[in-house]
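Quick one: the structure is below, and I'll ask about it shortly.
In order of appearance the chains are A, B, C, D and E, and numbering begins at 1 in each one.
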Amino acid sequence: ACGAGATNDSSEGSVANIEDKTTVDTIKENDVIRIGVFGDKPPFSYVDANGDNQGFDVEISKKIAEDLLGDSSKIEWVITEAANRVEYLETGKVDLMMANFTVTPERAEVVDFANPYMKVSIGIVSPEGDVITDVSQLEGKQLIVNKGTTAEAYFRENYPDIELLVYEQNTETFQALLDGRGAALAHDNTLIFGWIKDNPGFVAGVEAIGNEDTIAPAVAKGDTALSEWVNAEIDTLNESGFIAEAYEKTLAPAFSSDIDPASVLINQ
Amino acid sequence: MDLDFIRKAIPMYQEAAFLVLRLGWIGIIFAFIIGLIVSIVRYYKLPVLSQFFEGYIEMSRNTPLMIQLFFLYFGLPQVGIHLSAEVCGILGLTFLGGSYFAEAIRGGLESVPNIQMESASSLGLSNTQTFLYVIFPQAIANSFPSIGANIIFLLKETSVFSAIALADLVFVAKDIMGLYYKTNEALFLMVTTYLVFLLPISLLIHFIERRLRFAGFGN
Amino acid sequence: MQDSGINILFEGQNLQRILEGLGQTVFVAIISVVLSFILGLLVGMLMTSRNIVVRFVTRLYLEVVRIVPVLVMLYILYFGLTRWTGIHIDNRVIAIFVFTFWGTAEMADIVRASVTSIPKIQWESGQALGLTAGQLYVYVIIPQTVRRIVPPAINLATRMVKTTALLPLIGIIEVIKVGQQVIEVSVKDYPSASFWIYGLIFFLYFIVCYPLSKLSKKLELKWQE
Amino acid sequence: MARVRRGEETLESPILKLKHVNKYYGETQALADIQLDVAKGEVVTIIGQSGCGKSTALRCINGLEQIQSGSILLDGKEIAAAGTNWKEVRQKIGMVFQKYDLFPHMTVLDNVLLAPLKVQKRKKEEAAEEAIALLKRVGLEDKAHSFPRQLSGGQQQRVAIVRALMTHPEIMLFDEVTAALDPEMIREVLNVILDLAKDGMTMLIVTHEMAFAEAVSDKIVFMEKGNIVEISEDPKAFFTQPQSQRANEFINTFRFQ
Amino acid sequence: MARVRRGEETLESPILKLKHVNKYYGETQALADIQLDVAKGEVVTIIGQSGCGKSTALRCINGLEQIQSGSILLDGKEIAAAGTNWKEVRQKIGMVFQKYDLFPHMTVLDNVLLAPLKVQKRKKEEAAEEAIALLKRVGLEDKAHSFPRQLSGGQQQRVAIVRALMTHPEIMLFDEVTAALDPEMIREVLNVILDLAKDGMTMLIVTHEMAFAEAVSDKIVFMEKGNIVEISEDPKAFFTQPQSQRANEFINTFRFQ
C-alpha cells in the first residue's frame, strides 16, 4: 500500500492535523494501549504458567506497543471471550482486538479490520477407520467444532444442515473427538496438523476447505486513525520479517514440521 | 434492532427452549424422585443411608453444576462409561436438584406436627398408610413453595449445559453474539424466551401454591 | 494416570493463579452477599408493607430478577451502560452491582416470608409497650426473623458463589477461567490436566461453600431450642 | 348425672386393666405402679396436676408409648407385650387428643372415613352412611364437606370424636379435649361426651373441667407424680371432701372464695 | 374479695371513659354504642360469648384498632382521635395478651426492660432494680436470665404482667391471660392479678374464669354481639341471678348440674 513506507512519526504527524483527539492520541497520552486477547487459545493467545500472556497474537501485540509507545510492556491486556470481542471494541473498553479475530463480512459491518497478519484454512480431522474426506460425507453426522472459531462460523453459514457439536474450550473440543462424540472435528488446519502428530489413529481427511480466511487486528468502527496506523504497522512487520519470526517462535513448535509457513502467513 | 435477523433467529431459540424444557423436566422429575427418597430416609433417620445421603447433599449443593457436568461428560468416558450429552445433562440436573428437593421436602415433612402421626396410628393406620395418607400430602403442600422455587432455579441452571455442547438458550445467544455480533438481538431473544416459558411455569406454581394453602391449619 | 498430572499445580505460578482466581470469586461473592443481605432486609420489610403500590413494585422487582438471567444483567450493565452513556465502570463493580441486585431481591423474599411468619401478637405487644415502628423492627421483629432467614439465606449465598462462573464474560478472570487457561497450556504435557484442575476447582468450591452450609446447620440446630 | 351401673357389669372382668404399670422417660418416672380397672360402660376420669402422668397413661394404653414393666389387658388380653397386633387393638380403642388432631388436608368426611376404609376395608357407601349419621348426632351433618380449617375448635373436636367412634371402639380415651377451647365450645364438646356416657360408652377421660368430671364420672382417679393417690367411686363426695390432703389442695386451685 | 371502694374515688372523674363507641370490621359490627366508665382503683371484668367483642374493646382502648365513632377518654383526654400520641398513651396503659406475648429472643429481664429503656429512656440500673423487685413479687426473681421458652406458660404470663407494669401504667388491660394455661398455672397468674387488685391497681379484665371474675371484680360487664347487655356492680348477685335472660344462659354454660 501507499503507506508502506510511512514511519511512526509521519502517522503521528497526520493525526495532529485533525482537531478532535484520535484514539492514537489518547493511547499516547495514557501511555498504555488496551489490547484484547484470549487467555486460553494456545498457541495464538494464552496465559502461561507464570500468568504471562503468550502466543502469536501476543507477540505481534507487543511489537505494536513497542512501535507505538516505545515499550512492549505498555499494554493493558484484556482477556476476552469469543462472544464479547465486538462489545469490547464498540464500547471502547479495548483499543485493539488481537484475539485471533477472523475477518468475516458480518463482523466487518460492526468493526473495522486492519490488514491481516495471518491466514487460516479449515481442516477436518477424523478417526482412521472412518475417515471423512469430503464435507458431503458429514451429512447426518455430528461435526465437532470449537465455539467462536472460523470453523464454527463457516459451517453455520455454508452447511446449516450439518449438526455441530460446539465446545467452549479447545481441550474439550479435541477430547470430544477422542471420546468419539462426533464423526469428525473441524478447526484451523494448522492446529489440526499439530494435534494429529500427537494423536496417532486420526487423520486430516480434509486438509483445507472453503475460502482461505484471514485473521486481522480490529478496531472500533470508524476509528480510522488507529486502523491506518495499524495497517502501516502490519505491513512493516510483514516486510521486516517480524511476523515470520513470531511464527517460528510461537506457532512452528505447535504445528507439525511439514507445514509450510506460507500457508499461514501473509506475503510469503 | 434488526427485525429480519430476529425473525431468522427465532427458530434457534425455539429449539433451545424445547431442549431445555425436555431435558429440564426429565431432570426435574428424576431430581424430585431422588429428593423424595433422600428426604424420607433422612426424615426417618435410617442409619448409614442417612449419613450417606447427607454426604451427597453437601457434595451436590456446594459445587457448581458446570463442574459436575464436566465430570459426567468428560470424566466417565475415562472409565469406559460413554453417556450422551443429553443424558449427562439430565443426570447433572438430577444430581444437583436431588439435594435441593431433598431439603425442601424434608422441611415439609418436619413441619407436620407429631400429633398427626399419633392420631393416625391411634386410628389403626399402618406406618405406610400413615405416611401415604397423612404425612406426605401435608408435607408436599407445606414444601410446595420451595419446591416451586427450585423448579424455576433448576430450569435456569440449564444455562450451563453449553459446557457439554448442548445448545441451551445461553449457548444460542453466545453463538449469535460470537458469530454475527447481534448482541442486542441475541440478548433480547434470550430474555424473551426465558420469559415465555418461565412465566407460565411461575404462574402455574403460584396458582398451585394458593390451592395448596389448605395445609395451613387454623387460619 | 501415567502422567502424574498433579504436578501441573506446581508448575510456574499455576497454583497461585488458581487461588487468585478463587480470590476474585470470593471477593465478588462476599461483597455481594453482604450487601444483598443488608439491602434484602430493607426491601424485604418493604415487601410486607400495607401499601399496595410498594408491594406491587417490590414484587415486580423480584419477578424480573427471577426471570432475567444474571448473564444478561451483566452484559447489559457492563457493555450496555457504556454504550448508552459512555461511562466506564470497573467490571468488578458491575459484577458486585448485578449480584447484589439479584441477591437483594431473593433475600428480600426470604425476609418477607419470615417476617410474615412472625405471630401478629408479637407486633401488637411491642406496640402496646409504646415502641415506635423502627424500634419494633430493630428490637423485636428482626432478631426473631434471623433464625428463619439463616438457612435459606445461606443457600442463596452458596448459589451466588457458584454463579460467579459467569464473570469471565465481563472480563473478570475467576477461578474456573484460570483453570481453563491452565488446562489449555498444560494439556500437551499432561493429558489428564483437566481432571486435576477441575478436580481442584470442585474441591475449592466445596471448601468455600461447605463451611457456610455447616454453619447454617449449626445455627439451625442451636436455635431449635 | 352419674349413670346407674347395672349389677352384672361389675361382676364381669373389666374391659381395661392396668397392673403394676411403670413407665420411665429416661430418669423421670412418668407412671409408678399404676393399677386401674375400667369396667364395661364405666366412665373413669383422671385428674391431677400438669405433668402428673395423665397423658402418659392414655398414651401407654393405646401403644403410643412403651411401658417398662407391668401389664395392660384389653378384654383380658395383654397388649403391652411385644408382638401386639396394634392395628387390631387400636380399632378397639378410640382416642381424641387436645388439638391439631384432624388431618387438615382432608374434608371432614374423608377424615372420619379414613380408618373405616383403609384400616377396616369397609364398603364406602355403608361407612359413609354411618359417618353422616354420627355427624348428624353431633350436629355437624352440614359440615361433611368442609375442611377442618373452616370449622371452629369445638366443631373440630366433635369431628375428632366422630372419627374415633367410626371404628366402633370398645373404649374411648379423651385427653384434655377441651383444653384449647372457649367456654361455649367446651360446652358443646362436653355435651357430646355426656351423650356418649348416657349411651353406655366405656370412657377414660383426662380433663381439667371439674364440674364436668363430677357430672360425668362413675369413678375419679387422682394422680400425683406418676402415682395414683386416690380413687373415688363417688365423684360428688370427692369434690367436696377428698380423702387425701393432696387432692384437697388440688381441688382448692379451682376455688376463689 | 371485692375491694371496698373509698367514697371519694367514685366522685372523681373516671380514669377511662368509653362514650358511644362503635367499631366495625367491614360489615360486621364488633362494638355497638359501648358506654363504660372505669374509675381509679376499680376492677372491671368483661364476660361474654366468644366473638361478642371483648377483645375488640380492649384493643380499641390501646389503639391496636381504630374506632369508627364515639370517643375514648383516658384521664379525661380523648385518645381515639387522629393525632393521639400513642407512644405516650400506651405507657399509661399496660396490656397483657392471651399468649405468645413475650419476645422469645430476649431473656426475661430484657423483655421487661425493653420499654423502660427504649421508650422511656430510663437509667438501666434503676429500671433493672425495679424489674428485679417486681419479678420477686411474682415469684420469679431466679428466672431473670432465662429465656421465655424455658418458662412454663404460667411463668411467662407472670413475666408479661411485670413487663406491662414496668411503664407504671394507670390502667392494666388483661385479655384472657389464662386461656391457654393449665389449672395450677391459671391459679398462679390469677393470684398475681388478685394481688394487684388488693394494691388498688385499676384493671379491665376479660376472662372466662367465672369464679375468679366473681372474686376480683368491682363491676361485671356482660356483652353480647357487640353490645353491653348488663353491667352489674354486685358480682356475687350477678353470678347467682343475672338480670338478663342472655346472661343467665351464658352462666349456665359453666354449670353441669
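By our rule, a residue touches a chain if its C-beta (ideal position, glycine included) is under 8 Å from a C-beta of that chain, and two chains touch if they have at least 3 such contacts.
Everything quoted here is computed from the prediction, not taken from an experiment.
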Steps in the shortest chain-to-chain touch route ending at chain E and beginning at chain B: 2
Trace the shortest sequence of touching chains from chain C to chain E and report its length in steps. 1
Out of A-B and A-C, which chain pair has the most contact pairs? A-C
Hey, how far is the Cα centre of chain A from the one of chain E, in Å? 83
Provide the C-alpha centroid distance between chain C and chain D, rounded to the nearest whole angstrom. 54
Between chain B and chain D, what is the gap in Å from one C-alpha centre to the other? 47
Centroid of chain B to centroid of chain C, CA atoms only: how many Å? 19
Can you pull out the residues of chain D that are in contact with at least two other chains? none
Residue numbers in chain A touching two or more further chains are 81, 83-84, 87, 172, 175
Please set out, as single numbers or ranges, the residues of chain B touching at least two other chains. 74, 183
Please list, in label order, each pair of chains that touches. A-B, A-C, B-C, B-D, C-E, D-E
Can you list the residues on chain D that touch chain B in the complex? 62-64, 86-88, 90-91, 93-95, 97, 99-101, 103-105, 114-115, 118-120, 147-149, 160, 163-164, 167
Chain D partner, complex, touching residues on chain B are 113, 115-116, 118-126, 129, 133-134, 137-138, 141, 214-219
Of all residues in chain B, those that touch chain A in their complex: 74, 77, 82, 85, 162-163, 165, 167, 171, 174-175, 177-181, 183
Residue positions on chain C within touch of chain A in the complex are 11-14, 17, 75, 79, 82-83, 86, 88, 168-171, 173, 177, 180-188, 193-194
Using the touch definition up top, name the residues of chain C that touch chain B in the complex. 63, 66-69, 71-72, 75-76, 79, 113, 155, 158-159, 162, 165, 176, 194-195, 198, 201-202, 205-206, 208-210, 212-213
